[in-house]
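Sharing a structure, written as structure tokens. Questions coming.
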Amino acid sequence: MPTFVQILDFIGTFAFAISGIRLASAKRFDWFGAYVVGLVTAIGGGTIRDVLLDVTPGWMTNPIYLICTGLALIWVILFGKYLIHLHNTFFIFDSIGLALFTVVGVGKSVALGYPFWVAIIMGSITGAAGGVIRDVFINEIPLIFRKEIYAMACVFGGVVYWGCHLLAMDTVLTQIISGSSVFVTRILAVKYQICLPILKGEEEPDI
Amino acid sequence: MPTFVQILDFIGTFAFAISGIRLASAKRFDWFGAYVVGLVTAIGGGTIRDVLLDVTPGWMTNPIYLICTGLALIWVILFGKYLIHLHNTFFIFDSIGLALFTVVGVGKSVALGYPFWVAIIMGSITGAAGGVIRDVFINEIPLIFRKEIYAMACVFGGVVYWGCHLLAMDTVLTQIISGSSVFVTRILAVKYQICLPILKGEEEPDI
Amino acid sequence: MPTFVQILDFIGTFAFAISGIRLASAKRFDWFGAYVVGLVTAIGGGTIRDVLLDVTPGWMTNPIYLICTGLALIWVILFGKYLIHLHNTFFIFDSIGLALFTVVGVGKSVALGYPFWVAIIMGSITGAAGGVIRDVFINEIPLIFRKEIYAMACVFGGVVYWGCHLLAMDTVLTQIISGSSVFVTRILAVKYQICLPILKGEEEPDI
């Protein structure tokens, strides 16, 4: 029987993979290219985190992420043209993934004994770095650097995790509160189109 | 005296480096930039594999890859304009490199005790990831996501390796059969322009 | 009390972060995006080096680099439009950073027992790879592959380090001479617009 967290993990991985595969299909990638872009979107953040923490990436010990990405690819091949109607569903799934991945990243770093500012960065990398690699592969400027609040929701969730930890809360409760704050921040940011200010600078710096 | 495998390794590295240097020259990179792009094309895949497997990358213990890339750069500087006539030769060399790198990647992972689905991915990364970094550096969408079968030949070779292993074949024979299957797949794919299907999706997904 | 090297490290980090933030602002990144680009410009090279050397990246044990990048972001937000007048100052700061990062990278590799050709590459990665990631993130072809001598100054500084080491010089003296040679090379290269030759090749290679 999968646990509740494993089910959330599967949903999040599926949503992240779908986001990569859809953007790959807009660039006319072939099936293999779409699979790879979906996979790096789903596991890229966690892989960078694990390389930095010097532990074995999760997908190298459990094939579920590869299988999940394969199912996402089949889904898009079969139902691609109806996906646009599921936009809101996937947005919710993607936000679930973002919340869960952040909590997993923060928790893993804390468990390894790293200070909280490292854990917050690792949570953000877990949640958002896969999307950055995705955008580099499809040759676009990473969305999260320009659009509404995304990675900042991870940072906020990490800070909340820290706060709960300082208050000596139970670990499971801490993870639920932290994950919920990521999820709610992301939902509110999109609903009310909350953006960070654009950085205005010179037109063409020379460095 | 270099062994047969070392000679193949040198030929493959040389061909991979040449492919990076030629694409860099089309973008008007300087000599240094061309050298770096050639080098990451040749050693990038193996480096990512070794970082994931948590072992020291091969080029950090043996300077042959740096020297080989340097020779490739000198070759392009001296004979660049005649290279187009050697197109078929370099295609054969590149396919030799792809086959050998795949077998080395699969074999190294299996030797470290990883399951076969990890080994197949590591073989594909060894063979194809250098070309992905190359294309990111020259600011193009990676070729292998869109063109005829390339990384899929690595995946196929990894599966063949697995099959031979299940049949309890001798290691050297396994490697020869696996490498040949990569080589032949790649040659046939280009000769008959065998492509994977393009993924058709919505025009502009919004995630 | 910070040491002289720590002050130089802070100046170099600040200058590298500023270069990333300014380029991000020209692409209309938001504050978060600009911070991330500034950060990877400052710490990206050292992080790649430490992953390859299999040691913990420096920014995971000392938050100074994150704080320094934050100060750089505030600086650009407040004084962005005047920065163009400080062009020469930042060029000097950037060259200090390049020199220091190179020496740190070479020194760390030598201390870990790697041969000098590895140390020279690690010095160059420390000095120049952050700028490559920066340019990939803003979706431009990396500047250092096309413009006047930059990473070659790191290579030269690494070779000088090696020469001093062969002459059995004192470590501190070796570092000063090596760092100065990077700094002077970079200053002269820009002042006299010294470039490496462009690699001329076929117009459109097919591999």
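Here the chain labels run A, B and C in written order, and each chain numbers its own residues starting at 1.
Heads up, the rule we're going with is that a residue touches a chain if its C-beta (ideal position, glycine included) is under 8 Å from a C-beta of that chain, and two chains touch if they have at least 3 such contacts.
To keep track of the chains, here are their UniProt names: A, B, C = Trimeric intracellular cation channel family protein.
Nothing here was measured: the structure is a model prediction, and the numbers come from that model.
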For chain A placed onto chain C, the superposition rotation in degrees, Cα atoms, nearest 5: 120
Interface composition of copies chain B and chain C: same or different, split at half: different
Approximate Å spacing (C-alpha centroids) for the pair chain B, chain C: 29
Multi-partner residues of chain C (at least 2 other chains): 51, 54, 136, 139
Complex contact set, residues of chain B against chain A: 51-52, 54, 114-115, 117-118, 121, 132, 136, 139-142, 144-146, 149, 151-152, 195-207
Residues of chain B touching chain C in the complex: 18-19, 21-34, 36-37, 47, 51, 54, 56-57, 60, 63, 66, 76-77, 80-81, 83-84, 87, 90-91, 94, 136-139
